[in-house]
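Next come two complexes built around chain A: one with chain B, the other with chain C.
Let's look at the complex of A and B:
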């Protein structure tokens, strides 16, 4: 019975520790929100949005082992949903000056309140999930790796549609003046939700089925795993959070245009999840956040520089060169990413502490023995 | 026993063609509950292909597969697994990136009741079920002496333990019929002796019916009650070990291959 009691305690201890951490994060955000300047806050918020996108991308690529190139497409869907719902009607009339926006969107928009924004984010997520569902059905029905091609194609189709469906998207000009609703609380709130939900899934029976599909599809099927269902679940959840991430990004930067969601977005996310370790959720969280900060810091390499007598003019896109070089180096020296499949977990931290404590006890004991 | 035979697996006129090659030709077989039947034959004879048809990985060109009288021909492999057939593979196919415990837990997924949302949000009903299946899986590992490796990555186990884990993973689906594809491959005589005892033990403990493919004649002759021999996809002999040992067609087939 004692054993059961401690098992129960440990179970709830992990939940308790997680809640504590979330509480601490909330306090840190309150502090940051009042003390930090807008520029820094914007970087932090972007980092949180990248967490949402990267963690969900890792669910399909890292945990389920299905090579998707889709997140930019699903993020675009979510981004346009939020933009169209939250852009105030007068601003809509101002933005669509060549052709009118289609009815009923032209005469309707959500008020800029937290609950309508929350609702629009949910709709953005559902749109992303629906996109994933549509792409997933034909891709997973066929045997073989069609997902990469299908998702890449999907992203390109969305890009073309966004450029040409002017009555819906305003084409290449996009929209501006979207209310800046994505506060630190929204961004980090969703980062926490995405991380917890994805890691719950990964550690559940469904997650084990997904990992089994990744490791050996034939064996998974022979052990009773419905491979199609496992892939679809991972992909649709991934699409949902990608949609939310897109929906958060737009009211963060207050504008939207097709170029925001090009393949570069997917490429960045791919770097993030590979760097963090395919399959490691905590790895993705850490690299996603670091990536957002690093890409701001590395802006410096794009400005003109003087290294001694050598003058280097500012080269736009230099950051991507640095990132790509980093990726290549990593692939050579750290094939499995920084974290591999390792997860930072409370159990791991506790085992470290117990080990350290055990070490202390042993040291004391041996010291006592030698001195006597 | 003679009246009202309890047939677990019945294969009727199975034939499968790959292009021009007839890999399995008009294969018929009945296996009774609790039996231990061996399938032998030279390399490329079509033994693994028979297993792949039974487990739904291949659909036969013609013929039917009946499990306890129910026609399961052409079913998806995961549904066949759920209806009570489990297997191991000729070349070990573990989930190498997962722990030993998780490998065994994967096989419990087919009986999961909690809906996906409940697992994603880790609701109490899911948490309860998770504890239950974990306890069951740990119990299985204990019975198969794999407990010390529970947290180890399956891919890091020594070869012998990997083969044992593959059997554990198959047992974890709670099968009626277990198919073993060359379980002694790569084992030394001592390990093979232990494996023979192990196979007999699990048959009794888990009330299984076992159908196995094996090249190691000592194992086949030692534990199988009945042996079927195929060559080029065609059944050439069937009988108890002593009959098979003396069968001229069997000797010819094996000598033809270079004498084994």
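Let's look at the complex of A and C:
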């Protein structure tokens, strides 16, 4: 048995290492969940949700090279699905006081059971994927930048519907009192799933087709890549995880309203993937997580400051001015972002280690030679 | 619907449509030449309205002079944006240029929010525009009459520039084939700069007239008119100036008439336009007048 086990280990070393890392992450989360305060945990969970959203956004923008402005729309779809399914029935009657919620949603709730929460997250993802499919059909038949326009239009349509379909969404008032179900395990669990799925797609033959489409659409088509299919696959997967991210965000902050998913959400994600490097999943994960922490820290920038005798009044909204200027400067001077298209992988770490070890052996050997 | 409300809504739709047409021309010119969706165009529209506002309210200049100065200043802003932000990414992958455009757009909006504040400002309109005119049974505001007339005047000047001057010839040439035009000894960068200037000037004129029509301005006022104008450019056939005009009038009329005929839909008026955009992309992506763009390999 031992022999077989080690043979399998050698063959699937990367998978084993990944599983071990996931196990370590689980232990770290258990520790965090008991030791850290609510505020810190909240930031960590938001960071994980940002990872889900950013990694999936990078699949369509960075890896496939198709400019989408859609994630806010897909996240809104997922968010409303989860909110409608998880809101307890008495709370539903309380929230829809102008017009009643439509049947059958008004008569049941998935309540707070974890497996139903998982199911509603899946439904949220499917809703996002379906939305992406709908927008993809008209956009991908055309060459050029129509996706940007169509996705923006789609986001606005969702916004208008959320504001006006009061019997379904409660309009601008939105919903509150959604049970806070998105624990660290759910958030980080989905972050791991999204990262693994997207990086496995990126390294598969489908992923190579997507990268070929990004680099040169005409050449890719001439080589036999089904361009429409490659774009559509990337976009639907991206829509799925955006829906999940929206579905995680809502039970994290326990409220939902149309203004939660405006274009600013997409803009933040765009900053994240550009800064991390378009096409680098590693970059998206690290920047997304840092972004969630940094935007808490950067709140200090907007509050009034006293540096010795100098008083600087706080300017609300300065953060977004800095971010948008940063985006333009990045595009002009540092287009590759922090990580370029680099990916952190086990093979890379191993090659680094063997190189270091090789260096060591070589040194020892040459030293031995010269001394003798 | 009675005849007089119909006439009122019709003039309302035509004046709104002519504003969309003015903005749409700016989108379509830049797209025709650079294949770039200039997301910042809608914010240049806002900048134009604010220039006029400050020239009138703070510098106390006469209305017409402020409007002309505001248009000129906005044209300079448009050229500066092209020089500073778009020219460095001109040879980069197309997605970089689009991201830059989104960044510039967000920068202008948020800079506006920080500097002039989010609170809407009352825009002072001239007597001529505020006055109500009676035509037959219908009472029509001066804006609804003057805005289409001024817009059409501006478009005639534009068409003259494009089809009867050397600059216009250069612009059409750059739109057809940028590399060959460069080989013919045309300074392509200057031509593109002028294109941005003209587009921005038209957007500023649109912004000022918009402020006369809806006399309250705020830093985010450009977003919806901008996107609807872009829809108009797509519906008319992007890259085609006549198409942009037809699209603009069409979108303006549809928006006003849909709400006038079905008042219960008034909450959905923005959604209707974006839905139309998706339908057009599905059914006739080249627009009403557009020709199929050949991909250059």
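The rule is simple: the second predicted complex is superposed on the first by the 345 of 372 C-alpha atoms of A that agree within 3 Å, B and C clash if a C-alpha of one lies under 4 Å from a C-alpha of the other, contacts with A are read in each partner's own complex, and residues count from 1 in each chain.
Note that a residue touches a chain if its C-beta (ideal position, glycine included) is under 8 Å from a C-beta of that chain, and two chains touch if they have at least 3 such contacts.
From a predicted model like this one, the values you see are computed outputs, not experimental measurements.
After overlaying the two complexes on the shared chain, residue contacts for A:211 are found with chain B alone; chain C is out of touch. Applying the stated contact rule after C-alpha superposition, one finds that A:279 touches chain B and leaves chain C untouched.
Of the two partner chains, neither chain B nor chain C is touched by A:4. A simple residue count on chain A separates chain B from chain C, and the partner touching more is C.
In the overlay built on the shared chain, the residue A:320 is in contact with chain C alone; chain B does not reach it. Contacts of A:233 after superposition: chain B is touched, whereas chain C is not reached. Using the contact criterion defined above for the overlaid structures, shared-chain residue A:223 touches chain B, although it does not reach chain C. Once chain A of one complex is fitted onto chain A of the other, the partner contacts of A:35 are absent, as it touches neither chain B nor chain C.
In the three-chain superposition model, chain A touches both chain B and chain C at residues 218.
Chain A contributes residues 61, 65, 67, 69, 135, 137-139, 141-146, 148-150, 152-154, 156-157, 160-161, 163-164, 218, 267, 270, 274, 278, 315-318, 320-321, 323-325, 327-328, 331-332, 335 to its touches with chain C in the complex. Of all the residues in chain C, the ones that touch chain A in their complex are 35, 37, 85, 88-89, 92-96, 98-100, 102-104, 106-107, 110-111, 113-114, 118, 227, 230-231, 234, 267-268, 270-271, 274-275, 277-278, 281-282, 285, 293, 295, 297.
Across the complex, chain A is touched by residues 55, 57, 76-78, 81-82, 86-87, 89, 93-98, 102, 105-110, 112, 114, 116, 119-122, 126-127, 129-130, 133, 169-170, 172-173 of chain B. For chain A in complex with chain B, the residues that touch the partner chain are 11, 197, 200-201, 204-209, 211-212, 214-216, 218-227, 233, 237, 279, 341.
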